[in-house]
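Think of it as A, B, C and D in the order they're written, each chain with its own count starting at 1.
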Amino acid sequence: MTPVDPAHNDASMVQLLTPEGERVAHPDYAFTATTADGGVADEGEVIRGYYRDMVLTRRIDTESTALQRHGELGIWTQLLGQEAAQIGCGRALRPQDYVFPTYREHGVAYCRGLDPLRILGLFRGVDQGAWDPAAHNFANYTIVIGAQTLHATGYAMGVQRDGLVGTGDRDRDTSVVAFFGDGASSQGDVNEAFIFAASYNAPVVFFCQNNQWAISEPIERQSRIPLYQRARGFGFPGVRVDGNDVLAVHAVTTAALQYARDGNGPVFVEAYTYRMGAHTTTDDPTRYRMSEELEYWKLKDPIARVKVYLTRQGLADREYFEAVEREADELGARLRDGCRALPDPEPLSIFDQVYAEQTAELAEQRDTFAAYLASFEGVR
Amino acid sequence: MTPVDPAHNDASMVQLLTPEGERVAHPDYAFTATTADGGVADEGEVIRGYYRDMVLTRRIDTESTALQRHGELGIWTQLLGQEAAQIGCGRALRPQDYVFPTYREHGVAYCRGLDPLRILGLFRGVDQGAWDPAAHNFANYTIVIGAQTLHATGYAMGVQRDGLVGTGDRDRDTSVVAFFGDGASSQGDVNEAFIFAASYNAPVVFFCQNNQWAISEPIERQSRIPLYQRARGFGFPGVRVDGNDVLAVHAVTTAALQYARDGNGPVFVEAYTYRMGAHTTTDDPTRYRMSEELEYWKLKDPIARVKVYLTRQGLADREYFEAVEREADELGARLRDGCRALPDPEPLSIFDQVYAEQTAELAEQRDTFAAYLASFEGVR
Amino acid sequence: MTKMTLAKALNAGLRKAMENDPKVLVMGEDVGKLGGVFRITDGLQKDFGEDRVIDSPLAESGIVGTAVGLAMRGYRPVCEIQFDGFVYPAYDQIVSQVAKLHFRTHGAVRMPMVIRIPYGGGIGAVEHHSESPEAQFAHTPGLKVVTCSNPVDGYWMIQQAIAADDPVIFLEPKRQYHADKAEVDEAAVPAPLFASRVVRLGAEVTLIGYGPTVKTCLKVAEAAAGEGRSVEVVDLRTLSPLDLGPVYDSVRRTGRAVVVHEAHTNLGMGAEIAARITEQCFYSLEAPVLRVGGFDTPYPPSRLEEEFLPDLDRVLDAVDRSFVF
Amino acid sequence: MTKMTLAKALNAGLRKAMENDPKVLVMGEDVGKLGGVFRITDGLQKDFGEDRVIDSPLAESGIVGTAVGLAMRGYRPVCEIQFDGFVYPAYDQIVSQVAKLHFRTHGAVRMPMVIRIPYGGGIGAVEHHSESPEAQFAHTPGLKVVTCSNPVDGYWMIQQAIAADDPVIFLEPKRQYHADKAEVDEAAVPAPLFASRVVRLGAEVTLIGYGPTVKTCLKVAEAAAGEGRSVEVVDLRTLSPLDLGPVYDSVRRTGRAVVVHEAHTNLGMGAEIAARITEQCFYSLEAPVLRVGGFDTPYPPSRLEEEFLPDLDRVLDAVDRSFVF
């Protein structure tokens, strides 16, 4: 028996843009800027777009955190530090692709065109994230850790049955992305998803944002080897990418999605990143992690490196950055007002949303409660 | 993304005794005959012992199958073909080691000294396999697929807390064996067991008898790569051994158990074998598998190759083999009579076995039922 | 018109559903070549192919969890759980996802999924093969739970469950699979899925059963009739929603009721039914609603299952007791 | 004598249990450095070490499944499930292994395990964080289920549950964790674990609650007293086994009973309690036992939870209704 080396940081991580803002080459992956229809796009324009995406995403996050502090939200799941992982992946998706998020994919939701206010509704408690997933091919947030990875795999099995893998038609071949965290990798459901996806060769990309922490538990508690290597045990490829490098994440995810669309089966992508904020606004990370760690990761900020790159390359100037800031301010204002304006749900509505076909027994319970509420009319 | 080669039969399988009865060498593993206290034992005597163990185990199985056919058992889980995997592993165990079986480990039970009649009791339906696991460090049969692998891992965590790994004391250092099948490898529980065992470096050997089938489903449905490679994804060693070669199984398991006892953590052993019989006596394999396959595996019979070896080497003669047959006949007779003599349980007993501390409400239910039964005295 | 066992009727009903709607899929362990350990899916893979009759890896959470995704993609998965005791690994997916997605999404996501579970005891099996999990699912809003007691219902109810747009836990009394044959008229107009049925008229006491215990109740009624006692029998058919209208009508006439099921008595369906009958028929009751169920012990080794299960004598005893009040 | 919140009392009780018995282990997600998301295990890892206070990988089935093995090795694991809605991945291990091992082995294997679950609503949380799963566990023979409603019970009951040789599902009303403080006398002799308690004497109607609803019931009694109506209140404390002796005595005096819980009404504890009261006190009942529970819908978004949960008004309304019979 030869023990397996438990090294967690291994060399194989794909990086194309260093924290210092230098472009670097990688033997297997290169960033290519493409237009929606697959044509060649202006690289500067595309990277400026990612910068803007990440700034706006961060603003959605900081604004929502503030709203929670002001009592407008019950809780908020911060993505601070994970902007590149989510935008790099979100921008690699095609319209027909389908996403199964956790509860932290605000940046991906933004890429899919979902109004952030729909997400705020969930955390405000006016609903449970009731958006129509088919409207943006973006499933509803899933809170039970790992459950959505099986849903994604099943959805991908449906795509196979619809004959939409490996046809070569770039507008029809479809891949599915299952998001999950480092902690989630320990759930039985996630490993069963690997098994089903491998067994049926389903077109699903398992996109793991390894942000180093599962609430208070470090990644070492979940796995003694780099997470992307988990895929080796199930017979499909895994790759680790610098999750704070939007270009690398985009390049690797693009390849992974195409690999799945072409009918080659599942892929595991580990976006190596860091949860800069608390687990949620109710969490207190000072109880379990060192501020040094935070300082170390600050130097790897996903947005700063792109800004440095754009500036150095003369691809963007002060005006541009200020314009993006203004846009972010406007977005922030819209979220503040929009959140406060979210209407409270109708008490009786809960009885109407349980079944597609209402039952007599529940309708009766509804009526009884309606009469009960009515009895307070004027009284209260 | 480079696809993973889905080859199922790979070269790396450890074999020390060929189906033709030839001893062959392996770079990493060699069979060594040792006495209980670790001294050198007479190899011929030890291998004769394995032969006898396998013949008696097979007899337990064929006899029980016959008993089921005669209506004495409700069902029987046949191990035909898996004798070497179970004896090779069972004989590598030390007294302090602890075993968590599935529902098919009759050969391992035999090695642990559990009276086969206790097992027949379960399949006859007079109890549910109620033996005291501490009596032979052999846990109760577990029917829910995979559940026992977590129990084994937890037990191994207990061993760690008792300070009984890596002390160097051969009579105290303890390892735990979790048995499971190829189909079970798809259960969330089994993969969670891998995760917990790796995370805590628990002294557990995951012993998978890959008998190629999970009822009607071939191994390919569960995994597209050799099962022992599953361990790679979790960061601990895995090895495939010829499960029909008792010497190889013994050598590999001995190494695996020691690796765990020494405090190196979990190991995955895949015993590559074949389910020669039906899944259970109620199953009809002709519905889903080819007789050619059966013929192919007949040539790899675990007992025949040892007999050939012993004969060719002059290590055993006709008298010996006949003596073993007689012993098997006696065992068979004992099982037949013993099984029929197993007493039916007392109806009221079920109320007494639910809790360590009986509850008033269940005691009352018992009394009511007792009175009800009494009301029939004489009537029936 | 063909005479069928419940097993054959379910098989025929599944086949019909698959013929009628190409989106219907069957998935589970050994449902393909083997046709399931009870042969309920016999021949379906041969005729509808491996894409529609899917042998799954050995993982129940995986079966139900992937079925959720297939349903979101527009399919109508029919999952087979091999035995009642093996539904629990899928419990989380069932109660937290299958049951809640419609509610969570205000109906944007529908779960037209059927989870077939052979349930109940009496077949001499080992542990985990004779459980009655219905109460746990009926306690879970968002699920619908039905159970068939005879071949005719089996043939129609499985088709109606598959056609329903809500998730249905479909409980099949495995002991009845091959028990009796009945004429199934494929041309008939079936009774609605979520409706109970009075299967024997009577005047003095109302016996309420479902699935495997309906037969027992009818035997009891027969025996009681011999003793000159008139027993009405109701087959619930649907456990969630409950359709107790016919039960209330009956109890208002009889003044007495006994609920019979194999599940543990404590917090079994009988508890809910007794509570509701008492609320609705308080002034009609001559005696408290009595319950005859499995005992509050784990299901016993098979040699004791006849004692554990409600049988003719234990139900008759309860009927008698309901008259001493 | 020290004033403690329920959270602090549970923490103190756990500490006491770990001091008294070196075999007691605490395991779960984030129970170590963080002290659990509710801080119930605060400081325990610091004082008892990582071998006894174990942060587990993120897998509930793994937590409970490994706890089974630890129990077989002679330990007394106390598992923390982070929130009620996350116990379901462990459901199979709980109902098919933890609950059945003693029975399966005729007592050769004991399961002295405690599974702590913060449960119930009212904290403005998102989905899956406000469930009330008690009925499902109480329906499972082999498990014992208890719940504390105040700091004093919290302090003693957790120690008694850990000392018990049977598996105990220990339900903690998370809404009460920091609600009120109470004097806890570490020197007192605690009431037995499996006993209910009359917490307010009354003459006209019996209110039955447990965990989070006891406080509501007491408020109701207070309000009713204002209207000149005398209400008796019982805190069940133990849900399996049920200790209904005091309830029967009470109902025989009052003739009326109302059961209050947050769990869905259909097949909730109220159903079983109503059925048993009716059987035992048939001739004393002036009205059917009424139930006030969560509605038979999934737990709603937090903005609607006050409507969903039984509150003063809804319980008062039920009390009034019980008088119109």
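Keep this in mind: contacts are C-beta pairs under 8 Å (C-beta built on N, C-alpha and C of every residue); 3 or more make two chains touch, one makes a residue touch a chain.
Predicted model only: the values in this text are computed from it and were never measured.
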Ranking B-C and B-D by C-beta pairs in contact puts on top B-D
Relative to chain B, largest Cα-centroid distance belongs to chain A
What whole-Å value do you get for the distance between chain B and chain C if each is reduced to the mean of its CA atoms? 37
Where chain A and chain C are represented by their mean Cα positions, the distance between them in whole Å: 41
Chain A to chain B, mean C-alpha position gap in Å, rounds to 44
Which positions in chain D touch two or more other chains at once? 56-57, 59, 61-62, 85, 88-89, 92, 96, 103-104, 127-128, 141-142, 295-298
Multi-chain touching residues of chain B, meaning two or more other chains, are 127-128, 144, 186-189, 192, 195, 199, 221-222, 350, 353-354, 361-362
Listed in rising order, the residues of chain A that touch chain C in the complex are 100, 127-134, 139-140, 142, 144, 147, 149-162, 188-189, 192-193, 195-196, 199, 350, 353-357, 359-362
Considering the complex alone, what residue numbers of chain A touch chain B? 1-4, 6, 186-189, 191-192, 195, 198-199, 220-225, 229-237, 239, 255-256, 259, 264-265, 267
Sort out for me which residues of chain D touch chain B in the complex. 25, 51, 56-57, 59, 61-62, 65-75, 89, 92-93, 96-97, 101-110, 112, 141-142, 144, 164-166, 194, 241-243
The residues of chain B that touch chain C in their complex are 74-75, 103, 122-128, 143-145, 183-184, 186-189, 214-217, 221-222, 282-283, 287-288, 344-345, 347, 349-351, 353-354, 361-362, 365, 369, 372, 375-376
With touch defined as at the start, can you tell me which chain D residues reach chain C in the complex? 61, 85, 88-89, 91-92, 95-96, 99-100, 103-104, 127-128, 135-136, 138-142, 240, 263-264, 266-272, 274-275, 278-279, 282, 287-291, 295-298, 325
